[in-house]
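Before any comments, here is the structure.
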Amino acid sequence: MKNPYVPEIAKIIDVRDEALGVRPIKTFKVSFQNGHDFNHRPGQCAIIGLLGTGESMISIASSPTKNGYLEFSVMKLGKVTSALHACETGDTISIRGPYGNGFPIDDWKGKNIVTIGGGIGQAPLRPILQYILDNREDYGKLDIIYGARTTNDLCFKEELFELEKRDDVNVHLSIDMKEEGWTRFVGFVPTNLLEVKPPPDNTIAITCGPVVMIKFVIKNLLALGFSDQQIFTTMENRMKCGIGKCGRCNVGHLYVCKDGPVFSYATLKDLPEF
Amino acid sequence: MSEFEPNIVAFLCNWCSYAGADLTGTTRTHYPPTVKVIRVMCTGRVNPLFVLQALRQGADGVLISGCHPGECHYLKGNFLARRRFLLMKNLLEYIGINPSRIRMSWVSASEGKKFADVITEVTEDIKKLGPLKSFKREIL
Amino acid sequence: MNIQKLKDEAKRAIGRKEVTHLIGYQKGSYGFRISPIFIETKEELDRLTFSPLCSLSLVNYLTIEGKPAQVQSEEEKKSKAKKVAIFVRGCDSRALNQIIAEKGLSRESLYIIGIPCKGVIDLKKIEAQFPNVVDPAEVVEENGKYIITINDQTHEVPKEELIADTCKVCQYPTPLTYNKLLGDKLEGNPANYDDIQKLEEKTPEEKWSFWQNQLDRCIRCYACKNSCPLCYCDGCILDKLTPQWVRRSVDTNENLMFHVTRAFHLAGRCVSCGECERVCPVGIPLMKLNRKMEKDVKELFDFEAGKDPEVKPLLNTFNIEDPDDFVL
Amino acid sequence: MSKTRVGVYICHCGVNIKSTVDVTKLTEFASKLPHVSVAKDYIYLCSDPGQELIKNDINEFNLNRIVVAACSPRMHEPTFRKALRSAGINPYCLEIANIREHCSWVHEDIEKATKKAESILAATVAKASLLEPLEEKEVDVIPTALVLGGGIAGIQAALDIADTGFKVYLVEKDPSIGGHMMQLDKTFPTLDCSACILTPKMSDVGNHPNIELLTYSEITNVGGYVGNFKVTIKKKPRYIIEDKCNGCGNCISYCPIEMPDPFNLNLSKTKCLYIPFPQAVPACFVIDPDYCRYTLNRECKQCEPVCKELGAIDLKQKEQFIEVDVGTIIVATGFDTFDPTLKPELGYGLYPNVITGLEFERLSSASGPTTGDVMINGKKPKNVVFIHCVGSRDKTVGNEYCSRVCCMYTAKQAHLIKDKIPDAKVTVFYIDVRAFGKGFEEFYDRVKQEGIIYRRGNVAEVYKRGEKLVVKAEDTLLGQLVEVETDLVVLAVGMVPRADSNTVNNLLKLSQSSDKFLLEAHPKLRPVDTASDGIFLAGCCQGPKDIPDTVAQASAAASKACIPLSQGKVRTEAQVAQVNDLLCRGCGFCVEVCPYDAIELKPTVIAGETVDVASVNEVLCKGCGACVAACLSGAIQQKSFTDEQLLSMIASLGESYE
Amino acid sequence: MDSYILQKEKLNNFLDSLKEYEIWAPVQKDATTLFEVIRDFQNISLDLNHQPIISKSAVFPQTEPLFTFDNDAAIKETSPKEEKDTIVFGIRPCDARSFKLLDPVFEGDFPDPYYLTRRNKTALIGIACNEPFPNCFCTSIDGNPFSKEGLDLLFTSLNDSFYIEVITDKGKTIIDKASSHLTQAKAEDTKEKEQLAKASEGKIKRQINLDGIKEKLAAIFEHAIWDKFSSKCIGCGICTYSCPTCYCFDMQDESSARKGRRVRTWDSCMFAEYTLHASGHNPRPTRTERLRNRIYHKFKFNIDNFGVPSCVGCGRCIALCPVNVDLIEILSTIKEAE
């Protein structure tokens, strides 16, 4: 049997600064040395780490439709993420996974999709966008609502600015506070959502971001007429094993690492602690 | 098998003992190659827990050396260190570590000879005891 | 101990408008067990008790998270004239003094009801002598004996057989600080470190073999740390990963580092309440470490923890005349 | 944060290292250590090409930590720091592995020395890879100095600083400046009149626009740090309003109270309303509250009406506290003369004709109680004995040191006796005669030629025989006991630290050397500095000195004190303590162990609650790290000497022997 | 299956014939009884009057190296496969049953090779509880002082002999190796054992009816009782580290300059660090949330996930808790809570 605790070694092929500031974010593009195929679904996570330092559960920020590499956007917070931030192209990291359930993206075929992200919360939503854009004809309208505190904190800026130019995607970016040169929306993401007012019919809304933002986004989605089953989110908790054994990431009887990180609001709202 | 060469970690204060050890060098006074120095600005900086930490990670003995009483560059660091160290030494002795492995000395910047003498004495004492085996952390 | 007097005093204490709640003892859920109780209203007062079974220290509950009277700035201490009332024994009062000396609590935030304590029972000993007692049992001390009542049957046991080892050498049975003292002051025992000396006299090999045998069974549940009234740092250095003083691996050597660190951090701070040894689920004689430190601190530096909240902590001071003969 | 890239540079130091340590092997070893990007060896790293090598590599390999394995960091740490800075990386990202003084010079066996060098180097690299860039902060300097003590040292220092253009506060505890020098009759070896050469300087002080003179004053509190000291000065009430008193002295005759005259060492009387001496600066009277009947018992008050016009007498005057901000401080608090009653065998205090050297000065001085006639019991002494080394070079009284002036002032006084009483027989008992200064030996020779008898010997006893005193001594040259009958014994008392010096030392946090005089920062290279930045020493508070040495040191201290004042900024220590607020438990252990009062507990909001948290004043912190070892929760760390960094060295040193 | 009789004086002979196994058995260390690998059978303390510290670590050690690595990122798996087959001798029925509760956790979508390999290689020889301990409540939670669930052999202490019941094939293999020291049990032995079993069950003093506990818990997530119980808690890990059914763990890298290893160690949901995010956020910030999660995990979430509570009623958490946080008291209070 495959030992789920033993990681694969992968090479960093590119490092990109996403956000600067107190809690900087970098995106790491990695590929497996032996051409190992990861076979993940959008929304799934992997445990990446450095031998000797430790591991951290990070959502995969790229779509399986992007062959040959994986991307991880990592915010510098603790011991492991700080060490990762010191890594450069050519360095190796360890990877286990993919873990978690991922988005039921095939069930969403034919539907309109709205993603609502805040800050680093755009990372798990990014593979949905990539996946849909790579299979554009399978899905309906695509709205991207995304915001961060400042332009400095806005991840995947260039990409999103590029997407703004496309006709088959609607991008609605925002920052929390006014900044010179910013012509798009200024205000919090849940407010921007009410501005965009996506119609609920045949639409799936997926949100990820800070816990407070998620709560307000869900409230506003419900107000817009979305049902519990139409709303999805991804969660995070402290994790170690990634395979539902070590115990710490539970929300109610579900383990975020194994049963999540994607939950429909219908599931989530019945869980204690949410 | 070659003769047992103890591994001794020494914490020396910058102003007296480290300078004293420098003087030992300048005067080409020889002593056994057993001691490796960790420079601190003052013995007052030395957390006594470093002693056990060093012993369990591979050191056969630990030496803390600073300015003579009253000569501390920072006025009182060596007095604080003396108190802390004595308690730690006694505690480790009580656990079963031979006190000859846990030493403190006052070596001033002018006592190059004394530094060599201290190292020689400490080395000889530890040689008699042999390597410190029972207290080693698991080697990975 | 007259329980009615204790309840009356408790009633007066929580009757004071500045007292938010009172921390005391109540009978536990079964057998000889005692449980802490936090009383806010007069209705709960009747559950208060004190007996030789009250071996746990309540002082912890003043510094544990989410409880009042944590470190506050001078201004806050003054502006909030809130107090917590607490029952303390001799050792507990020393713990309070020591914590106050370390600015962990302010004396003004406490209303201390002192209980001169004749020593408490070692639960492990009484439960070994009276196994499988589930129904609530009563113990009173009379003339050097414990009168134990289980299911209306009384047993007499000489105090020596059941009293906790720590209490046998207690030097300060009477609280050193209090707002009210319940009962007459008691005479303490003279300092006695015979047990420590015995161990000191062994050879290094014998000592290590003794400690190795003790330390290899530590499961690092941290009950010793969490039950210790003087271990109240918010973030213990032993929990930290950078730098990591002690690995999470549980083996004799890591356990040694853990316990030596703890003993050293308690040098000149341990008040010999014996909580660590009492709570240890695997029976490690931790007081043998703490009392070694206590002995040295007393003999070398003439210092005793928790005697006076105004005295600077031991390792923050020095005496030019401190022992020097061990220095080369 | 970028990736840690360590460059390791191994110096041959010519053959100094290379001959005992296999540098090639060491370089090979270093290149395999964790985080090491490049390892090189070079013949002289401290040379310009050596430094260039490092600088080039920093750019080429994008290095951000440098380890130099060479001589002691006490030698070239500043050199390599500069190199790092000029290569554009933080100078504190440097760690030096001492493989010369601590290795190649002290070992012979090449294999063992190389192994040890590897071990040292691995530990140094382990620490270096954890180093963080540090900043030295700059703080503004208040362009004002404070001089403590108005003797010749203080006077000279104050004048020099004032002349440089900075404001100076000169604080003197007595009613006038002048100090001991004012009490002297003549000065050796030139026999200048002491007062004549001093008083012009005193009046310069009094008139200098940059000097604010605070006499009859003491400091009571000192806070702050170099550049920004805050000093509280207590002005004792002199009961005479300084601005109003013109020194006319009309009041004196109305004062009915007499008291011993302190200026004349109680050898004469003065009124309790007095001026210390005629040339006093300020020329202002003072009332001694310990004698004045008004201040004692609210009686008398006869003086006040006399000065109606000026209204300078104010018997209700209270002490005043003044707070001044200064950038630097010079301590020139002087000395006391040794109290010879501590050597009872010499009979001082028992026999009135046993006097001290300083008392002799007053007797000999034209301004003294006898207007310059040396008289004992109204008679000129025919036999005079001088005894050297009273209270100096004497372990029995705890003073091992030589007081440096006694030999010469005794010679001078012996000469003065001969001058005034040519037929007097003068005997000097000495241990050694130290005449090392300019013109000293010549003067000593001259005195000997004047017929003064020098006898080498320890005086055992002085006792009375009839009207005469007998000095009993062992002549160590002759090896026999001698007894000399005499009319006057003059004790060449040495200098001791001032009795009240502890107060000042504690206020300024100065330490003392074993002789209890103030300790300089370095006995050779920083003789006027103290361990506290911005505080300097001048004159006999630091140790016995004669007048020219004192003046020279005072000028030295003044120019040192002017450096920060003229720079306008001071750089602070970079390797200071820092607190992690989240881990701090507010116990104040660090505050209690800090030798510099650099840490205080400050209310801080942590997770919504206001709690006391330690806070380091980086300007005051000198980076000793005592606080780090005292902290139980690991909340306080010393930059460049963190627990993590030191533990990494410990681990590395252990591993090397696995 | 069969039953045998082993004379007590022949116990060591019995164990001697099992030399190919690594045998864990209880030993007395001062006042504590704990399981250790036995080198000398004389040390075994099959003391029926003291509850030993759990034997879980024979299969799920407190510290387990998962793999080692070096500077070149070369990973070397550590595997218990190479270890000897193991016998845990003298385990209590409740503790043996606990492995049945742990198994599904370590199986599932990601089988845990360390636990499962060792579990497979381990035979459990139980000793029936003739004298239950004061806090035993196994009978309230589908257990029994003579329960065979999870065991391979069950010993019952009769006067001079052990009555041995063979429960599994693994047990049979062991018996076969030691058969020379055994005799077939007679009907009166069986009867005696059954009487002891019945008597023992009767001696269990603490009981609680857990029917509907899961549903009840679902209703009282926000309730004052959690504060009430947690206010006593000092946040140590005794309850979890002494629990035969707790399995939470931590994973840590330990390394020197050249090499290192990843280990897993027991962890406790009662520690604040356990759920603390790197950001400083803690979803279970106080003792209240942590104690509540422990109870929920055992009596609701485990039932949700695996159909049974994660508790065997051994009572150790009650007996060892320094401050009398009493699981049975909590459970009864929950049952009565409004």
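By written order: A, B, C, D and E. Residues from 1 in each chain.
The rule we apply is simple: contacts are C-beta pairs under 8 Å (C-beta built on N, C-alpha and C of every residue); 3 or more make two chains touch, one makes a residue touch a chain.
For clarity, every value in this text was computed on a predicted model and none was experimentally measured.
Counting hops only between chains that touch, chain D reaches chain E in a minimum of 1.
As a matter of contact connectivity, taking chain A out of the picture leaves the rest undivided, in one piece. Using the mean of the Cα atoms as each chain's centre, the chain most removed from chain D is E. The interface holding more C-beta pairs in contact, when C-D is weighed against A-D, is C-D.
Of all chains, the one whose Cα centroid sits at the greatest distance from that of chain B is A. If you average the Cα atoms of chain B and of chain D, the two centres end up 32 Å apart. Measuring from the averaged C-alpha position of chain B to that of chain C gives a distance of 36 Å.
One simple way to say how far apart two chains are is to compare their mean CA positions; for chain A and chain E this gives 40 Å. We define each chain's centre as the mean of its Cα atoms; on that basis chain A and chain C are separated by 50 Å. For chain B, the set of residues touching two or more other chains reads 48, 53, 70, 76, 80, 84, 139. Looking at chain E, residues 250, 252, 254-256, 260 sit in touch with two or more other chains.
In chain C, 241-242, 245, 247, 249, 251, 315-316 are the positions where the chain touches two or more neighbouring chains simultaneously. Residues of chain D that touch chain C in their complex: 582-583, 585-589, 592-593, 601, 603, 609-612, 630, 632-634, 642-644, 647-648. Those residues of chain C that touch chain B in the complex are listed here as 199-200, 204-212, 245, 247, 249, 251, 253-254, 256-257, 260-261, 263-264, 267, 289, 292-293, 296-297, 300-301, 314-316, 318-320, 322-324, 326-328.
By the touch criterion given at the top, residues 5, 7, 9, 14, 18-19, 21-26, 28-31, 33, 36-42, 44-48, 50, 53-54, 57-60, 70, 73-77, 80-81, 84, 116, 139 of chain B touch chain D in their complex. The residues of chain D lying in touch with chain E in their complex are 33-34, 122, 126, 582, 651-652, 655, 658. Only residues 70-76, 102-104, 232-237, 240, 242-243, 245, 265, 312-313, 315-317 of chain C touch chain D when the two sit together in their complex.
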